[in-house]
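Presented below are the structures under discussion, each in the form of structure tokens.
Across the two complexes that follow, chain A remains constant while its partner is chain B and subsequently chain C.
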Partner chain A sequence: MPMESLPYKTTPTNWKRWAWVIPYAGLALLILFIPLPLPFHAPQDRLLRIEASSFQFTPGEIQINPGDRVTIELVSTDVVHGFSLDAYGFELKADPGQTATGTFIADQAGVFRFRCSVACGNLHPFMIGKLQIGPNLLFFRGIALGLLAISAALISVRNVSRGTT
Partner chain B sequence: MTRLDLTRSPRALALLRSRWPQFLLRAITLAGFIFTILAGLMGSVVGSHNFAIIFVWIAWWTALKLAFIPFGGRSWCSICPIPMPGEWLQNGGILQPRGSMGIGLGKRWPKVLRGTWIQAGGFLLIGLFGALTLTSAKITAIVLLFILVLALALSLVFERRSFCNYLCPIGGFSGLYAQAGPVELRVKDTDICAAHIEKTCYTACPWGQYPLALKSSANCGLCMECLRVCPSENIAVNLRPWGSDLGPKTKHRIDEAFLGLVMLASALVDSAIFLGPWGQLKSAAYNIGSPDWFLFAGAFLITALGILPGLYVGATWAANRFGSTNASLRKSLAHYSQVLVPLGLMVWIAFTISFAFVKFGYVLPVVTDPLGWGWNLLGLTKSAGVGETTSFSLVLQVAMLTVGLFWSSRVALRISETIRQAAPLIAFSSLFTMAMLWLLVG
Partner chain C sequence: MKKERIARWIVIILVLTAIGVPLGSWWLSRAQGTQIEIHARMPENGGWSIDTIQAKVGQPIHLRLTSDDVVHGFALGKSDMESWLSIFPGEYVETTLVFEHPGKYIFYCTRWCGLNHWRMHGEIIVTGEGDPIPGDSLPLFLQYNIDIDAPHYAENIPSSPPSVERGSRFSDRLPNYAIDKQTYFLTSPEGLWLKLRSEPSLSDLSDMDIWDIVRWIWDRQNSSNSQSLGFKLFMALASAAHGESGRGDGVMARGLPVMDHSNMGSGLVRPPDFTDPHVLLSASPAILEGKIIRGGMGTGMPSWGSILSRDQIHSIIDYLYTIAWESIK
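Our next item is the complex of A and B:
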């Protein structure tokens, strides 16, 4: 008995079954990319002292507001370490026991990783810290997308069981 | 469901039937494997300057999760070099089919050790020692050499690919997620197989599979030996819709649930160690044998063997209560393990995007200077940039997690009688997705 049809050329798909995908995809893109207002905080001057030691920054997690003028004081307590902030192109390098200082304006909102930029040992590629500038909108967008995903799953299965395919 | 049988194309069939194309690919991967071991043993101790670290943990590990599995199921297994030497000895030749006169005791793998339990245990070991293995070229090389020797030794004692079937953690990983992949090997006409007395396909299969009985792609390594020996050209290699092995009528075992949960726990813990801002956690995972490492190991094992399985058992128990059939909890744990497949696959893809996109800059420098000895073989740039997460990769990670939640919820709904019954499994998937979302973009 032949198994399910195994054609070399596929039979045309009934696209009506997947009609729900278009509005859902549109909604997903809207959730991901629609600009949202950020709560306003008057920009401040901030002085952040960050200690770099074997494979960790202290503090490892920092929160500031968009527009803040940030001065980083990077102190290395063991070997040479670097500080490179994702998306900002901001870099520092501190020799052992020395302090390196630099300033930047936090003009992009979101969560950004900072990394050691000088090979400092085996775990160097994973020496990472986190700078949150304003609310983490991508995280909230992700939660909204998760809810959309569940609702899409419900719709897709309902369509199948209704036999609308 | 519609399938696209590649063997209907004479060119594709010729490529699949001939042992040469596959042998050449496997010879290349074997050479690369041996070179990786040598690079790990002799090259620079700085991981980011050593071919072994970068090619195994950045290039290959990324390719496996972003290309081989999602687009080819167990396609990596079809060109994996690890079982090659043992298979040559078993078959008594390099291009010989199985069943020829070879070397080996040919014992059957003990029944008590069957299933994916040991593979899951192997993955737990990778998690426990990963911070060291991933960063030490020498340890990576020793692990690869050990695996090669172990596979060879087992093939001399046991029949077929016992190492791949029951021990290889990557085999477990690939097999689990191959169920969601778009490639399958099946028979074309069941009557032809039933009438075929010799069962040459089963004799030839190094995986011990009988194609007529294949219902899942989890245990088929796509080696194509059955296709080569079938006298009736009755083997199809189908492209199929993703997730075809997941559904209300497919059969699953409880060890698949355990394997799926270990994979989820590993993704969670790897994300925390390698992508998180917690330096103490990284040091604890790295300093094996220290008091901090024991704390880390305890927390990891509690997550992998306690918290996640506990949540999954709770969700399954609730789903069982909401259903009309009185299936045993054990049966339901196996049945609902399907939910863990798309969830885990997409979580690993999201993790890989986060992990590898940043580190991919390390690949070119080790191609031009594989041992970290200061060579510049190809005249390429020798220093790797720091690497950074781009907004594109962050959005992509969120998208992958979303797809994973959609897919696992859809599977939960398809294999449940009612939405109410699927709800606890969807809640489990949502909780896990949120945890990963927080770790990756939080």
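Our next item is the complex of A and C:
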């Protein structure tokens, strides 16, 4: 049986109904890539005393400003722990009772994890902390993008229901 | 028929290899001397997997050490810090030990591996011909019958930091006993100060001058080498309990009540505060030696007598006095 004779019927895609997508896509790109005016903080010297115990860092979340000169004092309270900061290649190792000290300049903004770099027991892989350098832009851009997606979803739902009724 | 013969031969060869491989490897390892694999674990999880090793005089034993959980250390009792090994989880470290003297040797963990770290030790029993291990001399507190548990707290301390240089100016006026090694070991700084204060020949000197003399005498008895070795030993072995500054606030002693003679015996207490000059200026080297050798004092301090050599203990004492002198404001 030739294909042409199949009984089918489609409505041609109405591209005009999807025109609203273009400004939305533009807006999404804008949200992702627009440089935001950041509040400027004069770089300062910071002394952070971090206590490492099985299996956590205290404090586990730290917020600093870009450009700060950070001195970390790592104090271990039970066994030998390490401190290694993602993206910075900064590493410390501390025995209990022997504070390890190191300094780095926070020249990369963003959110970085620091991890224990010396195996310290079963939960060692989960011994992770967070160092936030500057505002967490990715987080805010993500929220804005999420809101945009919700509004896009609402519009498309409205369009569909209009189309069917 | 031929096929059956081949099959029989194959079975025979397989059986022979199955027996031969372990036998051969045993033979080869036997030829290389004793090899022992020891796994280190936190004391809560069993400590050393082997805690008694038998050895023969002059026969090397090869140790393959690894850790199953955290960083540990390995050292023989009374050995130099340079020979201490670190054992990292998942890595092997090897060492060969040869013993000259028959007797019992201690091995212990040198890296803090938790609250019960100090429990982590084992022994090597060496048998065979030879002179026994040279023993330490009797501790001073036993030789001179000193009560090392008597409470002590100096009533007199210097009002300002004493100076070695100023003290050295009076060196030619001192009585003979003052610069004697024996006096140094058996007298506390405060005790010597009181003794010199009552010397008629020094009555024209001020209290502070006498403290300068005592400081000079203490400096004379300690070499700076010994102090820096004492510092290294203190940091490696003691600072987790005594604190890095000697204040008694180490991470392992946190939350324990402060030592007080009324709460003796009712649970663990903190180590004393060495930065309070009243504490160490009233203790003689003999008392400190005794306390380090024996341990205890209600603080959970281990007994270091079999772990540290007498010289190492004296280095630590030398370092402790520098804490006391330097904390006088």
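Simple rule for what comes next: the second predicted complex is superposed on the first by the 138 of 165 C-alpha atoms of A that agree within 3 Å, B and C clash if a C-alpha of one lies under 4 Å from a C-alpha of the other, contacts with A are read in each partner's own complex, and residues count from 1 in each chain.
Please note the rule applied: a contact is a pair of C-beta atoms (placed from the backbone, for glycine too) under 8 Å apart; a residue touches a chain by one contact, two chains touch by 3 or more.
Bear in mind the structure is a predicted one, so any value in this text is a computation, not a measurement.
Among chain B and chain C, the chain that touches a larger number of residues in chain A is B.
Using the contact criterion defined above for the overlaid structures, shared-chain residue A:Pro96 touches chain C, although it does not reach chain B. With both structures placed on the common chain, the touch criterion links A:Phe139 to chain B but leaves chain C unconnected. Legend: residue contacts after superposition of the two complexes on their common chain; A:Leu30 is shown touching neither chain B nor chain C.
In the superposition on chain A, A:Ala119 contacts both chain B and chain C. After overlaying the two complexes on the shared chain, residue contacts for A:Ile105 are found with neither chain B nor chain C. Touch criterion met: A:Phe57 reaches chain B, while chain C stays clear of it. Within the superposed three-chain model, A:Leu148 lies in touch with chain B and out of touch with chain C [touch as defined at top].
In the superposed pair of complexes, A:Leu47 makes contact with neither chain B nor chain C. On chain A, the surface touched by chain B in one complex and the surface touched by chain C in the other have residues 119, 122 in common. Every residue of chain C that touches chain A in the complex is listed here, in rising order: 42, 67, 69-71, 88-90, 111-115, 235-236, 238-244, 250-252, 254. Those residues of chain B that touch chain A in the shared complex are 1-5, 8-9, 46-48, 131-132, 135-136, 186-191, 236, 238, 273-280, 282-283, 286, 359, 362, 386-391, 394-395, 398-399, 401-403, 405-407, 409-410, 412-414, 419, 426, 430, 433-434, 437-438, 441-442. Those residues of chain A that touch chain C in the complex are listed here as 75-80, 95-99, 118-122. Across the complex, chain B is touched by residues 1-11, 13, 28, 32, 53-58, 60-61, 82, 84, 86-87, 91, 110-113, 115, 117, 119, 122-130, 136, 138-139, 141-143, 145-146, 148-150, 152-154, 156-157, 160 of chain A.
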